[in-house]
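Common to both upcoming complexes is chain A, partnered first by chain B, then by chain C.
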Partner chain A sequence: MSEKVTLVDPPSAGPVAHEDLSLLNEVSLCTPGDSHLEMCIQCGTCGGSCPSASAMDHTPRAIFAMLRAGMRDEVMKSNTPWMCVSCYYCTVRCPQDIHITDVMYTLKNMAIKSKMVQDSTASDFSRTFISYVKNYGRSFEIGLAGIQNATHLKLAARLPNMIPMALGMLTKKGMSPLPPKRIKGLDGLKKILDRAQELEAE
Partner chain B sequence: MSSEDKKPKERIGVYICHCGSNIAGVVNVADVSKWAGDNLANQGVVVSRDYKFMCSSLGQELIQKDIKEQKLTRVVVAACSPHLHEPTFRTACKGAGMNPYLCELVSIREQDSWVHTDKIAATEKAKAIVAGGVSRVVHHEPLIPLKVPIHPATLIVGGGIAGIQATLEIADAGFPVYLVEREPSIGGHMAQFDKTFPTLDCSACILTPKMVLVGNHPNVTLLTYSEVQKVDGYVGNFTVTIRKGARYVKTADCTGCGICWEKCPKKVIDDKFEAGLGYRKAVYTPFPQAVPKYPVIDDINCTYFQKGTCKACEKFCPTNAIDFTQKDEIMTVEVGNIILATGWDLFDARRVPNYGYGRLANVFTNMEFERLSNSAGPTGGNIVLRDGKTTPKSVGIVHCVGSRDKNYNNYCSAICCMQSLKFAHLVHEKTGATVYNFYIDIRTPAKAYDEFYQRIIEEGTLFVRGKVAEITDAARNPGEEGKLIIQVEDTLVGKQRRIPVDMVILSSGLEPRAGSKEVAKTFGISCSADGWYIERHPKLDPVATMTEGVYIAGCVQGPKDIPASVAQGAAAAARILGKIQQKEIALEPIRATVIEEKCSGCRICNTMCPFSAILFHEDTMVSEVNPALCQGCGTCVAACPAGAITGTGFSNEQILSQIDGLLLLTLDKKKEAAVA
Partner chain C sequence: MSEYLFYPGCSMESSAKAYYHSVMSVCKSLDVKLNEIDDWNCCGATEYLSLDITPAYALIARNLALAEQQANGLNTIVAPCSACYLNLSKADHYMHEDKAFGKKINTALAAGGLHYDPGQMVVRHLLDVVINEVGMDKVKERIVKPLTGLRVAPYIGCMLPRPDYNKRYSDSEHPYELDDLLRALGAEVIDFPLKTACCGGHMTQIGPDTAFELIRRLISSADDYKADVLVALCPMCQMNLDAFQGQMNGYFHTNYHIPILFFTQLMGLAFGEKPENLGFGSEFVSAHEAMQRIGVQTPLPDAAKPAPKKPAGLPMPPARARAGQKITIGNEEASK
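Right, the complex of A and B next:
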């Protein structure tokens, strides 16, 4: 037997580039406080508890395993953090005290910076929300709903069904279609927000 | 420091151990040895050597040869912790004719090489530690161990399987045993179980013969319905105060015929033996094979005790054995050794609100299931829903309830995997239902355990890897109506699943007994943060405690299964039998003594002593340490405001000169710097 053996590269997702082995640490460091992320035992309490699990392409537990495996691109592209509704069920129930909701926020930030977000529906929603906060010092829900619907949620097709609810929001809930009054001391708030952005950039 | 021109009065040998590479890998042992020989000669060091394994017989012979040839009067061994090899080197010195307490063991492994990586600094530290030992050993005194006789009787607390095993081992060897049990019968949790893993033999069938042996044994004094109140004394000579609860039954007259509990009109939910699933009467024995056979009257539920009338039991008793006037009885016994085998409590599953126990009727605990499955249990062994008649078509078994979870208990309860597999088998065999096991990891690491797991897989049990997130009765679709829905991430699929079942069994974990901390205090032993009792050494001395004469066996030391509990019960008994055979015990002569002249009689030490070893003499107004009780912990020495207490082997002189020695190097360096 003198047949030459050729070694074939293993399939994708492995071996992982060395610099990505630190992905888990990076996420951990970018999360305020001690996230305990490295303590995950892959039990799935988070994925089992999550009300949005069915909409996620990976469960939170799977995301943590992918972080360990250094699968940076897959995690950055995942919709998982964007589906998180911050209900904190996972965080409360996690047997390892991992601050899962906080980690989801870290992943959202990293995903925006990486410019790999696949569907900008959720990130644009956050941007619109914070732009109102910057301009008025408070949230402007009708404006937020209007812009989000106009840009993302196939407004034309859904408009007929939404008109009664929109009217109801104006009449029954007494929401004003006009932009809100600016808060006093908006300058001060701006300084706070700018400083926060500065700190985040560091 | 003493002046350097004075001729040293002792001849000291210094021995530096390499411990293979454990020490030599970090510390330059040859350098330390040479340094000690050159620089500590003024303190009396006449020989300094290093050797690969000082603890080997060749290493020991090296020391013995030097003691004889060099006429050594003191020995310092720099090696591992005294906890490990102090006895070895003391014995070696004794073999060469030296008083063993003139040997000092200093640790350059645990306190140096194992905790440092900088080799140069670690070598310097080793020199300082050796210098400390040399300075100290000069002040050592020859001591003679105290010998006390050992009372041949043993107290065993807890009549579960661990306590039963220990009782039989000691009693069969011909020595008396007092077995104290809080419940009306011995047997413990094992008496409640149906089958035992992995062989599935009937729990009662293997347990009750042992219970009968204990009940009939001429060397066993069985004290059920009793609790230990107080323990005085010390190894070999404990005086134990026991409160024997009033049974209201004259055991001399009772035949155990059972007419009293047949006639008793008062039904009580049995939340102990039947785990709340069945009833007992106000006069009862916990189960038919109870040992002893005599019933007790539960005065909290008895109609006569509560309302003043009834006495049905008394009327019908054929031997006039009922006695409503009985009172609790206090008795004291003398014993030489004690075994604590008080077992465990079940984790209260109500503490996990998302699992719905106590709110959702068909969520059961493991102990409830044991009784449900037991042919002597309330359903005659029929596995049915809470309505008492419906057989489940699908059953979910949830592992790790309250275990491996920082919200409840961090530790693994060790028995739940095997127990859950056993449950899967029993449900499958008796009902043919579809069975799911929800697990994080399957842990089957003992003989024939993994084979059992294989068997359960083969039987068709469905395994879902994921910690259950919640159990609910809120249906989302028609298929879930009327069911319990187990919501879980199937982590091997990576998807959330909702699995509808008829019955859920929670494998609740094991917890230390409520009040275990107080019990530990009564017996003078220590508890871990979790509440389990701490063994003397986790690997090499798992049944002894740091308190001489007090042993632990079974789950009181940590969660474990029946085979491990039996092994520990037997092991503790073997340790005690060895002590009894010696007839007397040598106590470490490391003791505190009160210098009467200095004692102000403030009594601060009296209450601080963890071993209750300090007496106060009202007549002379001074405290005195009982040398047999004293464990040499040093608490009183440090606490005495007058400096009136001194510890042999730990005198102020010894400790201060050791500190001088430790600082020697630093001081020398300062001197050099000053000269330069």
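Right, the complex of A and C next:
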């Protein structure tokens, strides 16, 4: 056993040594509180717990791997956050306490700001919802459902089914077809939201 | 007499009036005084958080700031809607945990002359207040008409037990609070395995296929367990499972009929309130038959109302007659 052993450097440890975590950090910074996003161990509990995973192009676990890998465009174009139903199963089951639902909200914000949303059905719904809130201080369910179903082709096919439902909303539930009454402090609310929008951009 | 600040939320004034009326009735019976926060605004549901995080939290925090201003010695906000409850407690939680974030939201609030000190208000759902503050003893004292014989599926949904920042519920997936309450009312409570599964949330408006599947799981499970009614405690859950049950049946070619009631409607009944004062009859899937089984007369659904007698006018062709088809006038059986 006199053979001389030559020590060689182990094969490159791969991207770990040179990992660019800027995308991951950006998402984490945009999420209120400590998201623990960098703690993901890729166990897949999130996707396995997700009631709408079958409608997602990537599972939440895959999204977190893609964030770590810096795959910005792929993540921004993914429908995953838009299919999230905010049930928080993943959040409470995550062994690393990652605030997954909140991260999904951040990803939606980032996708809109980078103009990479592929299917606007969900983001348009959010926009219409909030336009009522900005104008009245309250939400307006009937107006929202009407606009959403009439302006999206894939939803318009079911409009015939929506008519009896809309009638039921008016007759059975006694809902008003008119927008809600404006809150008294609407001007103050607008100032608050405008200032918040400026702070968001900073 | 216990007193709380009250955040009703938008649905209580539109699609969930049944919830509003039954909440008011039940709170009166339990000597709970609710002071509605003056000039509250929408909590933004899950929609504003999807667009712009800072304005979304500022929108929610305006309600917390108003509540703090109007507190007058009180420190608890009661919200009967799970989404409102979670948003209010989420804003308080993150403003408290993340000081820089709290400061940012307060900078925005200052533009409207408001300020909120994180941690000042305690946000609670009505179920939690009934069980942990009012107490089961007082609930039992008020019962004059137990719901004996009514088989109920207790459905809590997502946003109450999860993420549960203040650890108020017995479990994040199988909490027993609602089961206990319904059992105290005399109902037969099934061990509902999907009690905290998702109702589909806003997916009915975005991806109906996904929503219908989530609704089907809940309804078919309640049906498997032979529940007479499913009990909800959130306007969104009630709306999805009730108003969309028909469309879901159409989508899957099923014929489920599970009435969806608010827990306060059943509490009100057990406390002896008249069904018409508790919003019964406003549900799409009628609870009439289920309630009749325990001797409660709730308003009849339209379909079950006796059909108006047809006036004996001129003989008309049958409605389905098409062009080119032989039209039989009068008694079809007799002419064959």
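Methods note: the second predicted complex is superposed on the first by the 177 of 202 C-alpha atoms of A that agree within 3 Å, B and C clash if a C-alpha of one lies under 4 Å from a C-alpha of the other, contacts with A are read in each partner's own complex, and residues count from 1 in each chain.
Simple rule for what comes next: a contact is a pair of C-beta atoms (placed from the backbone, for glycine too) under 8 Å apart; a residue touches a chain by one contact, two chains touch by 3 or more.
Note that the structure is predicted; figures quoted are calculated from it, not measured.
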>> For the combined arrangement obtained by superposing on chain A, do chain B and chain C clash, or do they fit?
In response: fit
> Which of the two partners, first being chain B and second being chain C, lies in contact with A:62: first, second, both, or neither?
Replying inline: first
> Between chain B (first) and chain C (second), which, if any, makes contact with A:192: first, second, both or neither?
Replying inline: second
>> Let me test your reading of the model: by the given contact rule, A:33 touches which partner, first (chain B), second (chain C), both or neither?
In response: second
> In the superposed arrangement, which partner chain does A:120 touch: chain B (first), chain C (second), both, or neither?
Replying inline: neither
>> Going by the contact rule stated at the top, is it chain B or chain C that touches a larger number of residues on chain A?
In response: C
> After superposition on the shared chain, which partner residues are touched by A:161: those of chain B (first), chain C (second), both, or neither?
Replying inline: second
> A:88 contacts which: chain B (first), chain C (second), both, neither?
Replying inline: second
> On the overlay, how many Å separate the closest CA atoms of chain B and chain C?
Replying inline: 6
>> Please report the chain A residues shared by its interface with chain B and its interface with chain C.
In response: 54, 89
>> Residue numbers of chain A touching chain B in their complex, please.
In response: 41-50, 53-54, 58-59, 61-62, 89, 93, 95-97
> Can you list the residues on chain A that touch chain C in the complex?
Replying inline: 30-34, 51-52, 54-55, 82-83, 85-89, 91-92, 99, 101, 105-106, 108-109, 112, 121-123, 125-127, 129-130, 133, 137-142, 144-145, 148-149, 155, 158, 161, 164-165, 168-169, 172-176, 180, 183-185, 188-189, 191-197, 199-200
> For chain B, which residues are in contact with chain A within the complex?
Replying inline: 354, 400, 404-407, 440, 465-470, 487-491, 494-496
> Can you list the residues on chain C that touch chain A in the complex?
Replying inline: 10-11, 13-18, 39-42, 44-55, 57-59, 62, 93-94, 97-98, 101, 104-105, 107-114, 158-159, 162-164, 172-173, 197-198, 200-203, 205-210, 214, 243-244, 246-247, 250, 281-284
